[in-house]
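Comments concern the structure below.
Labels run A, B, C and D following the written order; every chain starts at residue 1.
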C-alpha cells in the first residue's frame, strides 16, 4: 500500500491531486460526476469581494496542446460564496478546501481573507496575485517583488490560516518574487498561473478574444511550469503547490520531483472531466514503479541524487 | 498574382518565410532537399567568435506540441563560418542571408559583427541576446533593458549593416526591452527565442537534459510569441521578424497580422524538413482568402479595424 | 452528462460544406432536442460542441459544417473511428410552455437541432411550422427531411435562388403578431429575430466558444436579465425575456 | 533521405516488450545496414528514430522495444496505419574495411540493425559471428532468425537463463586478441566493449535523443576525436578510433 498523503503547511491532504482554481467552479458540476472525497483538496474559483460578470465573449481560444482563457475572474463575490457555495461544498466534499482569493487592492485582499476566517472547511488561502486577465491599471501584483511582498504582508496580518501566494509565469525572475513572499511570512506558494498569450481570428483579422489577450494553459505550458517550480524550490523553504499542464500521474510525479508538495490540475479537467480521478487512480502504480512508499518522498527528489 | 515580397529595414525578401536560427544549420542539409532560393532568407546557426562544442548529451527533450533544446550554441566559430560556410552558402542560396550572432561580452558581439562587414550576402545581423542555454554568469543580455541597450550600442557602432536584436520571452516586459533597443539605434527586432523550460526523467528521477533546462519551442509557444509580437509592435516603430511556433501559412499570417514584417519558422523544420516550402506554397491561396494582394499589407493588420 | 465512445458509422456530404454524421453509441444522456455533444478530436486540445440533430436509442445524427480545422477533420474521419464524447450537454428546448404552432426558425447550420425538435413536436401532436434560411439554393440542406416530417416549411435565401429572397426575418415579418419562435442560428440572425414586433415569446439557442461544455469554466458565459449565465450548462437555449444583446 | 508514407502491415510481438513491425513503402533511400528511419507518430511533436532491421525493395522490418509512450503507441497502431517517415537516415556500417570474421555484438534492442547487417555480410560471402546479450531468456528474441542466416551465435543473459551468464563482454573476453566488432546496444555496453583488450578495431552504433534526425539541429552531437559529430548525420555508426567517452 502506497501512502499518497501529503502535508502542506500543516494541512494534510489524502493525496497530492487538487483541481486548480477556475477549472472546478465551486465543485458543483464535478460532484454530479464523481465522489469529490477522492480528491486531496480543491481550489475554488478565484473570488473577489464584489460579484464580477467577467469579460465579454469570446473568452476562450484554442491552441496547440493548450487553450487560452480570458474569463476575467467572473465570480459571484465573497458574500454569495459564503452564503451559497460554502454550505453546498460542505455537502459534496469533506476534505480541506483551498480558497482562491483575488483582489484589486491590498485592502480587498485582506478583507477577503478576513471574511473567510470562520469558514472551517477552508484550510488554505490561495492568494492569486497573477491573474493575467484583469487589467487593474497595468501589471498585476504578482509581477514584481515589491507588490507581491505588499500583498503577502496585507493578507498575513488579516488571517490565521495558512496563506499561499499564487505566482504567475510572466516574469523575468520568479524566484525573486517567491523570496519576497517568503520574507513576508507566506506559508506556501502555488505556481504557475497562465502564460499571457493571444490568437488572431483570420476571418475577422482581429484578436480572437474580446479581451485581446488570454491566459495559456494545458500541456503546452508544462515544461515552463516545471522549470519554475524547480527554481522556486531552490530559492525558498516554503511548500509549493505545482501547477501548469499536468494531465497524468506521470506529469504530476515530475512536478513533485521538481519540488512540488501537491499538484494542481487545471485545463485537463475541462477536456476530460474525470481527469483528476484518473490521475489519482494511476498514482499508486506509478509510485510502485518509481519505488516510493510515501508519495511525499518524491517532493524535490530531482534536486539531489 | 499575389505579391509575397516584404521589406525589412531596406532589405527585400521575396517572401516573408525565413527558417529560424538553429534549425537550419548553415543551409547544407536543406539544400539537399529543396531549392533554397524559394526562401525569403534564412537565419544561420547562432555563431560565436570561438568554436563551441555545445552542451553534453542529452540536449533534446520532447513536450506536448513542442520540444526543448539545450544545444548550448554549438557552432564552429566565426572564422570557420567565414571560411567554410559563407562560400558554400553562396552556392546553395542566392538571396539575402540573416547572420545570427552570439557573444559572451559586448566586445565579442561587436567583433563578430565587424567580422561580417565584408560578407556581401549577409544583409541583416540578427544579434541573439536571448539564448537561454548558455550560462554566461547568470542572466543573458536580453533579460533587462540596460544590457539589451548596451549590446545594441556596441553592435550599432561596429557595423553598417542593419542590426536586428533577437529578444527572448522569459521577461516581465518585452516591450520595455524593445524600446531600449530602438533607442540605441536597432534597425529591427526578432522575437521570440525559446521559453526556458525543463523535463524530468522518471526513470532516473533527475532532469532529463544534461544542462537541466532547455528552450521550449514549437506550436506550444505560438500564443505567447504572438502576444509578444503584438506588444512590441505597439511599443516601437521598428520592423519585427515574428518567430515562435509557426507551422503553417495560417499561423504565419497571424504573426504578420500581430505586427511581424517577416516570419521565422524554427522547430517545424525539424519535424518536417519541407515545412518552409509547404508554407510558402500555401501563402498565395491564403492571401487570396484573406483578400490581400500584397502580403505585406497583413503586417500589423489586427491592430486597427 | 456521460462520457463514452461513439463510433462514426457514416459521413454523408449534404452541400459544399455541410455533412450529416451518424454515430453509434450510448445516447441515454440525451433527453431533449437542442442539447449538444462535445467531441474529442485527435490532436485538438478542446472538444468540439455539436448539436444533436436527431437521436434514437443507439444512434446520434449530427449535421456538421466545415468551419475550421477541427470540423474539416471531423467530417473526413474514416467510418469506424471512435470518438470520445461528452453527451447530453446543456438544456434543450423546453416544450412544456410552447404554443401548438410555434415557428421553428433556423439559419444555416443552426437548423440542425430544429429537425429533432420538429420531429418530437409532431410526434406529440403539435403543428409547428419552420422557417429556414440559407445563403443560396446550393447551400440549402435537409429540405426533404423537414418536408418528410409533414410540416409547413418556408425557405429564405439571401440571393433569392430558393424561396423568399432575404433572411428568415423577411419571412417572419409577413406573419401576424403573436408568434412564438424556437430559433437557432448565427448571432446576428438571433438578434434580428428577437427584435421582431411579431414575437410574443420564444426560445433562442446560443453559440459560444467553449472550453469545457459542462459548466465548470464559465468560459461561455453571456449576460442575461437573470445575471451571468453559462451557454453550455444554463443554455444553450434561453428564453426570449431573459436575453440581453 | 526521403519523406514518404509507410503503411504498417503487421506488428508481431516477440517478447514482453519487443515487437517486429513490417512496413510497406518506398525503401529506395535505405542503402546500408545500420541506417535508421524517423517515424512521425500521431500526437507526438518529435519523430521516433528506429533502426532498419532489414529491408527489401518494398518493405522495412523494424524491431521496436516499448520504451515510453511513443513506442507503446507505435507497436499498437492498427494494421493499415500510414506513418509519415523520413527514410534512409544516417550512415550505416561501413563494410569496406571489415575483416572476414567480424563479431556482431548487440545488446537488447540494439541487435536490430545487426540482423540486416549479418544477412548482407553473409550474402557477400563473409563469415561474421554474433554475440547477443539479453537480460534473460524471456527477453531474448530473433535467435531463430539469426540462426537461420547460418552464422555462429553466442548468447549472454544477465541471469544466466540462456547461454553465458553475464554480459556480451563476458563472451568477447574469452576470444583471442585481434577481434573486430560491429556493435550496437546501450551506451554502457558500447563503452565496456570498446574497452576490451581483445579489440583490434570496430564500429559502434550510437543512440542520442534527436530532434530532426537529418543533421539540422545539432541536438544529437557527441564529442569525438574528430571534433563534435552528429549521431544522426555523421553516425549513428562511429569508428572505434574516433570515439571519446
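Rule of thumb we're sticking to: contacts are C-beta pairs under 8 Å (C-beta built on N, C-alpha and C of every residue); 3 or more make two chains touch, one makes a residue touch a chain.
Small disclaimer: the values here were computed from a predicted structure and weren't measured.
S.K.: Taking touch as defined above, what minimum step count separates subunit B and subunit D?
M.R.: Minimum number of steps from subunit B to subunit D: 1.
S.K.: I need the common contact partners of subunit A and subunit C, sorted by label.
M.R.: none
S.K.: Taking each chain's centre as the mean of its C-alpha atoms, which one ends up farthest from the centre of subunit B?
M.R.: Relative to subunit B, the chain with the farthest C-alpha centre is C.
S.K.: Hey, how far is the Cα centre of subunit A from the one of subunit D, in Å?
M.R.: Once rounded, the distance between the two centres reads 46 Å.
S.K.: Centroid of subunit A to centroid of subunit B, CA atoms only: how many Å?
M.R.: Distance between chain centres: 33 Å.
S.K.: Distance between subunit C and subunit D based on Cα centroids, please, to the nearest Å.
M.R.: Their C-alpha centroids are separated by 56 Å.
S.K.: Which residues belonging to subunit B are in contact with no fewer than two other chains?
M.R.: As it turns out, subunit B has residues touching two or more other chains at 61, 63-66, 218-219.
S.K.: Residues of subunit C that touch two or more other chains: which are they?
M.R.: As it turns out, subunit C has no residue touching two or more other chains.
S.K.: So how do the chains connect up here, line, ring, star, complete, or something else (other)?
M.R.: ring
S.K.: So, with touch as defined above, which chain pairs make the list?
M.R.: After working through each pair, the chains in contact turn out to be A-B, A-C, B-D, C-D.
S.K.: Could you please specify the touching residues of subunit B with respect to subunit A in the complex?
M.R.: The contact residues of subunit B facing subunit A are 61, 63-66, 68, 139, 143-144, 170-172, 195-200, 202, 205-207, 212-214, 216, 218-224, 226-227, 230, 245, 250, 253-254, 257-258, 289-290, 301-302, 305.
S.K.: Which residues of subunit D touch subunit C in the complex?
M.R.: Subunit D residues touching subunit C: 42-43.
S.K.: For the complex, which residues does subunit A have touching subunit C?
M.R.: Against subunit C, subunit A makes touches at 22-25, 28-30, 32-33, 45, 53-54, 57-67, 69, 71, 74, 218-219, 267, 269-274.
S.K.: Report the residues of subunit D in contact with subunit B in the complex, numbered from low to high.
M.R.: 1, 3, 40, 44-47, 86, 208-212, 214-223, 227-228, 233
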